[in-house]
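Presented sequentially are two complexes of subunit A, the first with subunit B as partner and the second with subunit C.
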Partner chain A sequence: MTPRQVARRLAYTAFMAVVLAFFAVPMLWLASAPFDSDPGLGLRWPDWTLTNWQVTFEHPYALSSLVNSVVLCVVATAVTTVFATLAAYTLSRVRIPGRDALLYVLLLLSSVVTGTAAMVPIFVMMFQLGLTNSQYATGLVIAGGLLPAAIFILKDFVDSVPRSYEESARVFGASPTQVLLHVVLPVARPGIATILVWAFVQAWGNFLLPFLLMRDVSSQPAAVLLRTLRDEGGSANLTVIPVFSLLYAIPVVALYLFVSKRYGFRFHGGIKA
Partner chain B sequence: MAGIELAGVSTVYPNGVRAVDALDLTVADGEFFALLGPSGCGKTTLLRTIAGLEQASSGSVSIGGADVTRLEPGVRKVAMVFQDYALFPHMTVSENIAYPLRVRRAPKPERAETAARTAAGLGLAGLLERRPAQLSGGQQQRVALARAMAMSAEVLLLDEPLSNLDARLRLEARTFLKRLQRDLGLTTVFVTHDQAEALAMADRIAVMSEGRIRQLGSPRDVFQRPADTFVANFIGSTPMNLLPAQVRNGRVEVAGAHLDPGGPHPDAPVTVGIRPEYLHEAPEGITGTVSIVENLGVTSLVTLECPQDVTVGLTVPEHEEPPVGSVLTVAPRPGRLLLYDSDTGQLT
Partner chain C sequence: MVDAPPARRTGRARDTAGIGVARAVTFVSPALVLIGLFLVFPALWTIYIGITDYTLTGTASVAPKIVGLGNFVEALDDALFGNALWLTLVFVLGSAVIGQNFLGFALAWLLRGARPALRRVVESLVLMSWILPSVVVAYLWIALLDRDGGTLGALIGSPGTAWLVEYPMASLVVFNTWRGTAFSMLLYSSALAAVPPSQLETARSVGASGWQTVRDVVFPHIRGHVLTNTLLISLWTANDFGPFLLTAGGPNHASETLPVFIYQQAVPSGRLGYAAAVSVLLLLVNLVVSAVYLLLLRKRS
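Our next item is the complex of A and B:
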């Protein structure tokens, strides 16, 4: 190796180390701070203890907010996945004039519907309907915001399922429901799995809508509670936050691993001889 | 009894393409019927109309004597093998074959038993647990056939089932399909754009173009006496000679020669059709210079440059090829010369 090459090698390695450290530090903090007797915002070898966990479990809202989050996300994810699948299948197979325009308009509006611009109308509407402080209602609103993008992505998946699969099932006497259950859903399953995880992650991390629609602290999901975890002085409660953050991260990772293992994000694809 | 009867069937696509045009056709019970035609002539559409995947815009479709024009595909008791086989990628071979039974909610053991039996009959016994993606093209074709057979329908529709196979496998599959059809006595409609396949396998052939049937008959009829110049061009592995000619005083004047029309014919401009296989060397006839010799295996195709800018092809047995540049005089075998009206292209 020429000195020049060595220098380049060194520079490259150093650069990668910096990049890696940049991404690794928050992860390491998440792994160490919950077990540190005096957690700070910096990274250090912990002074091992489990007191933080005890304090967090005794916090009046910490655990219940995680349960609230799960309820809200299950509602939002289920509604998004089921309706997006049905809508994507229909839009993919039925010929209606202006179908593509409709999809683009929906997609455009979706960023407005749950976007900041529509916050006030949404709040007023939900308030007058008496649906504030309800995980179910908030889940529905979130699903409404996710649906257009979900339909858009899923339609692409369903489009790529060859029609001849369905036609051959029909020739063998399958009813429309059987065609959907036996052929379309299994073949589009990796796409549906993708949407499911995506919807869950979106709903899990959504702060603005629950913050707005859930004024009652006991009904707030984790994403909202995390922001309000402060001690009496108003500074961040560093005993609870690390543990809570770790707990908050677990469901998303677990769901991803489960879905990836069980359903796979792969696509079977058509058969070409 | 499950013959197919089409009366005045037209199928028009939403974009206005009239893919099948006022077509009448009767396929007898147990017959092996081939639909032959160039790409885009409406073969697949006709097959789909019989299966019920497309609605006939007018006319009626009957199967086994019952009018099924407005019935859903599932209740027509018609099995179909698609051009791409349409095997379900997420199911095993066994589940694929038994799918028609699953639709009828047959119990699992019965399904597995039927799948195993049908698969064994088609030489798929060891492959039951594989997925379609793990099979060769020929195996996929047999799975698709097995699935169609498991439906135990009396009518079988095949859309270019052999087109995905290589030449060798295709020949084997031909024999295999034909024997299978004989054994089961299924009424079979077979779509192909390969004329050799149709000639080899079918009891009767319909040659289609632009949504209509140009000629209907036995393979021999269609090969020996094409009804018009379109069919004449399409049928035969070597293209038929179609030469501009004139009938005068009961003789056909073509490329400087005078040939016997094989019967009385009024004086008129005509197109002479002669198959290369039916031309042979003769003392009197069309004279030309050998320009190209192509080896076809047992025979060779010789191209002659004749007077009046006409080229004529003929086949000669192996080892009898004339040298390029030599002069040859050829005449059709008696009764093998066809005359087509030069305006309408119809056989006269």
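Our next item is the complex of A and C:
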């Protein structure tokens, strides 16, 4: 190897080491603090104990907030996936004038308006309708923000399903609903799975909308409760926070591991230049 | 269905699946209703609330008056709004346009030829930082940057620096680079797969350096991807509520980006009309950024 190549090799290794440390170090706390008998903000080899877990399970709202999160998340994910599938299929097969322009405008609107910019009207609207503190209503609001992107991505998938499949099913007398259920859905399954996982991760981690709309502590999902654990009495509740963070993060991590093992986690040409 | 056959007859050429008008409307409307209710309507209503003196409590909460452009004039005069706009710009430029873009590209470029094990580990960590819930991630960084016993202080051997208090914006920029690089990395990996290997081979055989190869061979192929990526991450970062979870805008407004400013005005201060007007201004900035992007994209083709 020439000196130049050696220098290159060294620079490459150093860069990768720095990147690995940069991304890994913040996450180590989540592995050590939940099991430490005296959890602090710093990182150290834990003095192993499971007391923190017991304290967390005894916290009056910890477990119920996870249940609230599940309800909210299931509503948002199911509504997004089902409605987006129906809409994407129809928009892919029936040509409506101005369809593509409409989809682009909605997509742009959803990436610009969701959350912060629409904070005031969404808060006022739900407040006046008396729908604050409802997991179902908050789930629907989240779904409304996710739908444009979901339809956009799914339509790409359905567009790639050959129409001849549906035509032959029609020739053999299948009804349009049967065609959708037995021909289109199985072929578009990877796309639908993508949307399902994406909507779940988005709804599970969403903080702003539940924070605005769920003012009552017994109906708050995990995202909001975890935040309030810090404000209680001014200082952080370091016995409960690490364990609860880990519990709350596990579904997303498990989903990621499942997806990356099964499908590989990358973009499949869905995003075009 | 009684009305399906005529619909199918008139639209046969365009409706191969035989969905029919009635069914098409039934399939599309649930999604459109939700989008209309929770996206389009709030967007329009923001403009209306923005021209009133609506508040959360007090007399103006019962009977808000229309004040025209008063809120907008006030915002443009408000030093705190100017501060928030400037901090948002710093946040977007520092963490999205520079941080995520460059780190994401560097990772995609350097990991192409890496050993599969190394590649898997790096990609998993980067992706994990992207998909973990934002509240959890905020705690991870609060623990990392804390003054007493924070991991960073211990690592570099100088405890006692309260990073989030002394350098709030720099902390947020580094944090958001960590948080969002995964998207750019994924997008650039799939873009790089489209660069013809023969051209990379040619570049290597004439002895081009890595930087020359990226600039003259790779960049022309992925220019569209760079634009798309930069637009998306800029919009997401400008509207990100993450800074609230780390610093809540403090200390003394030093890290109060526009989304945090809007929240502080709307809920704790209860000035809904003013907050809505600022939202409209944020929307306008977003639209200008998108328009510039569309112009650049059109110029390319």
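As a working rule, the second predicted complex is superposed on the first by the 244 of 273 C-alpha atoms of A that agree within 3 Å, B and C clash if a C-alpha of one lies under 4 Å from a C-alpha of the other, contacts with A are read in each partner's own complex, and residues count from 1 in each chain.
Note that contacts are C-beta pairs under 8 Å (C-beta built on N, C-alpha and C of every residue); 3 or more make two chains touch, one makes a residue touch a chain.
As the structure is a computational prediction, the values presented were derived from the model and not from experiment.
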| item | value |
| --- | --- |
| Which of subunit B and subunit C A:167 touches, first, second, both or neither | both |
| Contacts of A:241 with subunit B and subunit C, given as first, second, both or neither | second |
| First (subunit B), second (subunit C), both or neither touched by A:201 | second |
| Subunit B versus subunit C, judged by how many residues of subunit A each one touches | C |
| First (subunit B), second (subunit C), both or neither touched by A:94 | second |
| Subunit B versus subunit C as contact partner of A:143, first or second or both or neither | second |
| First, second, both or neither for A:260, with subunit B first and subunit C second | second |
| Intersection of the subunit A residues that touch subunit B with those that touch subunit C | 95, 167, 170, 268-269, 271-273 |
| List of subunit A residues in touch with subunit C within their complex | 12, 15-16, 19-20, 22-30, 33, 40-43, 79, 83-84, 86-87, 89-91, 93-95, 106, 108-125, 140-141, 143-145, 147-148, 151, 163, 166-167, 170, 176-177, 179-180, 184, 201, 204-205, 207-208, 212, 222-223, 226-227, 230, 236, 241-242, 245, 248-249, 252-253, 256, 260, 265-269, 271-273 |
| Parts of subunit A lying in touch with subunit B, wherever the complex brings them together | 95, 162, 164-165, 167-175, 178, 182-183, 186-187, 189, 268-273 |
| Footprint of subunit A on subunit B - complex, ascending | 14, 51-53, 72-75, 78-80, 82-90, 99-100, 102-104, 132-133, 136-137, 140-141, 147, 151, 164-165 |
| Complex contacts: residues of subunit C adjacent to subunit A | 4, 11, 14-20, 23-24, 27-28, 30-32, 34-35, 37-43, 45-46, 49, 54, 103, 106-107, 110, 114, 118, 121-129, 131-137, 139-144, 146, 148-151, 153-155, 178, 186-187, 189-191, 222-225, 227-228, 232, 235-236, 239-241, 245, 258-259, 262-263, 266-267, 272, 275-276, 279, 282-283, 286-287, 290 |
